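To start, the structure under review is shown below, and the notes come after it.
Naming follows writing order (A, B, C, D, E and F), and every chain is counted from residue 1.
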Amino acid sequence: MINLEKNISLGKMAVLLVVVTGEAEAAMQKQGKEFGYTLCKGKVGSMDSAKIFAAVETAAKKEGLVDQRYREEHALYHSVLEAYNGMCRGQDGLGTILRSAGLLFSIVRGNKLPGNTSDGEWIAVALYGNMGAPIKGYEHEVLGLGMNPI
Amino acid sequence: MINLEKNISLGKMAVLLVVVTGEAEAAMQKQGKEFGYTLCKGKVGSMDSAKIFAAVETAAKKEGLVDQRYREEHALYHSVLEAYNGMCRGQDGLGTILRSAGLLFSIVRGNKLPGNTSDGEWIAVALYGNMGAPIKGYEHEVLGLGMNPI
Amino acid sequence: MINLEKNISLGKMAVLLVVVTGEAEAAMQKQGKEFGYTLCKGKVGSMDSAKIFAAVETAAKKEGLVDQRYREEHALYHSVLEAYNGMCRGQDGLGTILRSAGLLFSIVRGNKLPGNTSDGEWIAVALYGNMGAPIKGYEHEVLGLGMNPI
Amino acid sequence: MINLEKNISLGKMAVLLVVVTGEAEAAMQKQGKEFGYTLCKGKVGSMDSAKIFAAVETAAKKEGLVDQRYREEHALYHSVLEAYNGMCRGQDGLGTILRSAGLLFSIVRGNKLPGNTSDGEWIAVALYGNMGAPIKGYEHEVLGLGMNPI
Amino acid sequence: MINLEKNISLGKMAVLLVVVTGEAEAAMQKQGKEFGYTLCKGKVGSMDSAKIFAAVETAAKKEGLVDQRYREEHALYHSVLEAYNGMCRGQDGLGTILRSAGLLFSIVRGNKLPGNTSDGEWIAVALYGNMGAPIKGYEHEVLGLGMNPI
Amino acid sequence: MINLEKNISLGKMAVLLVVVTGEAEAAMQKQGKEFGYTLCKGKVGSMDSAKIFAAVETAAKKEGLVDQRYREEHALYHSVLEAYNGMCRGQDGLGTILRSAGLLFSIVRGNKLPGNTSDGEWIAVALYGNMGAPIKGYEHEVLGLGMNPI
């Protein structure tokens, strides 16, 4: 059992939210809101990398994590791009290099440390799941995290 | 509180071990061993990226996570390289692009799923901490995960 | 008003030609020819990066900026590739990472400095425009410049 | 002579400011201020890429283009990183791959289009100069442009 | 005439096998088997990079160079990826950047040095052929080599 | 025994010259000259990537493979850079990512196909050797090939 009451931060919240499931996920969502974070979690799987970007951006807009200005979309986009680069580990691409990804994603918006407003709001995106050949079981875990001021 | 008794896996173990601290970290180490994993955790901070590789490799050898053969060192090295690429998010380099990282690292060796020996042993490396300008507080969280068969 | 009579050079000519419009563009074309440069300007917009390469190569052939030998096409291709990399700023790709570009391009052939023939002819390609999400107004300016001996 | 009274924008301003010299540069600085932009220009040459980042960041702070918060430094840093990637054209590094750069840089802060405040302020960084072997005259022009919301 | 009886090694075998043709290729296949190597050679041409991965993986499976476990497929995949990166020389992509490749490939499995079993088996993949514009004759030679423990 | 009298080409010559040793190397040098190629071979080992560039460039100048013009040095430099990228296989860097390389290099200048002068002269650079941890025996073979019109 992991107690998160201490030492939470924006990136850690995004990472923990994306890796836990079931009751722990529900507890995490609740705890995140108490810390003042806006957050959501979703799922996307594809050999087409653009679908990962689309899934995260659509969820963020639907859940009100970004407003209508391009500067907010830009911060979100670059956070997804960084998380995508992070999970690709130096060799970008999915279908173009014959691999596929089945992913969960989390998006968290708020202060880098809960309650510390001096550096304004940031947005963090985490991608976690399995990547590998397009054959069942031929895959291993990957995780990417990106964050930017918003 | 996160209950890890279900759904644990090699990569998730490396990620959770690297982000939690204090009692939760001790509990995680204990739980990991019960799942049959060999694991360790350490700390490294630098503007010189080579020091990150050296710190993880030294810890892995000292803790007996790899044997003397090059093939084991190769698997470890590529896991560190992938984690390093992951945390750099597409733009490799620390001091060369005027940024610094203060990191924790975890190394976990074992089956991709506890007790499932059909695909042999793998090694996972996670790097987590803060990266930013070499000025106190001018930084944000980063996380990278790499894994390879060993 | 910018006076270009002094300090002109191949790369600067390509950059200025691609960013100015209307009368200034016409003046630039005229001035470039007086300096002994062969030059042209065109337009391309797409989420498919290959179309950018095709548009520039087609224009260069049609305007007689390269001859039939592969070595000339190779110099042109690598100049486009460098300009493309430059405008992508470290994360190559358009549609694959869900972004689009609306661009102007310029191609200039001649000496690195007008009249200085000692290092032979070079070719420069500049790409300038807006890149962003495939949503109107969700974009910002980008510019890339590439050049090679020809 | 280029007339900039029409069609100016943040990125174009940064690009023109970095390429012009003498009276044209002074005119550009004046015009930029009239459009509501804060801007500065400087010079840096090195085989050590970190010095480019340091020179631009120091100038931006000295000229009041960014405030004390990390979110502003982050926007500036990523704009320098993008400009640096742009001028490196896909192969990052200076001294590590035995090449050197002699550069001018410009920094411009303001709306993407003068007077259009709907998307807030952005910061643009342009790097322009010559890159090549560390031998006099063995070099050609390069240009990189990066911009981010601030 | 090249005599290979001395100084052969896994990577050299893969490189020589992929570049020679006709009788020399047959002699090389025979010599490789005498050294204890398992090897095969094939052909693939495309603007779609995924087809290169598929061709090599299919040949490796058909010729029994890898078994059914993911760890073997993973070693093969990363060897193809490294060879692909090697032949792309820093700018990944074929059709996306308007270029095409006509390739031969070799796959060799065995000890790094014939008969030296202390570091176990490794797998090497070499790609060799021509890359260029999708126009006949507008191309030049490329070669990539990747290898991993298996 | 490999008979090279047929099917030789610029890139293949560079690759074969760099991998063979002793009498075969001497035979290759002789055969290359008969085909009209200018060529040389050398050795360099380092954790400092710049030394690889310096060693190849110095040899090329000393052996008269390039003249004094920057356009020739540029073609050579980009061929070394491509070969270096090729042997790094997607993750550039030596000492910065704690690895070392012990290399042989070959440089060949001439027509892409012997006697076929229609596309002028090209220059090819091949790097071959071992890369790995800075510990004896902890390394495996790598090979990179780059070529450009000159």
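Simple rule for what comes next: contacts are C-beta pairs under 8 Å (C-beta built on N, C-alpha and C of every residue); 3 or more make two chains touch, one makes a residue touch a chain.
Everything quoted here is computed from the prediction, not taken from an experiment.
For the self-contact between chain A and chain B, the two sides draw on mostly identical residue numbers; the shared fraction is above half.
Its interface matching that of D-F in over half of the contact pairs by residue number, A-E stands out among A-E, D-E or B-E.
Centroid distances from chain A, each centroid being the mean of CA atoms, peak for F. Chain pairs D-E and E-F differ in how many C-beta pairs are in contact, and the one with more is E-F. Centroid analysis (C-alpha atoms only) places B farthest from chain C. Averaged C-alpha coordinates put the centre of chain A at 31 Å from the centre of chain D. Chain C and chain E have Cα centroids lying 37 Å from one another.
Mean C-alpha position of chain C lies 19 Å from that of chain D. Annotation for chain F: residues touching 2 or more other chains are 70, 74, 81, 85, 90-93, 96, 122, 140. Across the interface of their complex, chain F is touched by residues 90-91 of chain A. Those residues of chain C lying in contact with chain A across their complex are 91-93, 95-99, 132-133, 135, 137-140. Interface of chain D with chain C (complex): residues 1-4, 6-7, 9-12, 15-16, 19-24, 27-28, 81-83, 85-87, 89-90, 92, 112, 122, 124, 126, 128, 140-147.
Every residue of chain D that touches chain A in the complex is listed here, in rising order: 69-71, 74-75, 78, 118-120, 122, 148-149.
Within the complex, the chain C residues that touch chain E are 49-50, 53-54, 57, 70, 73-74, 77, 81, 84-85, 92-93, 96.
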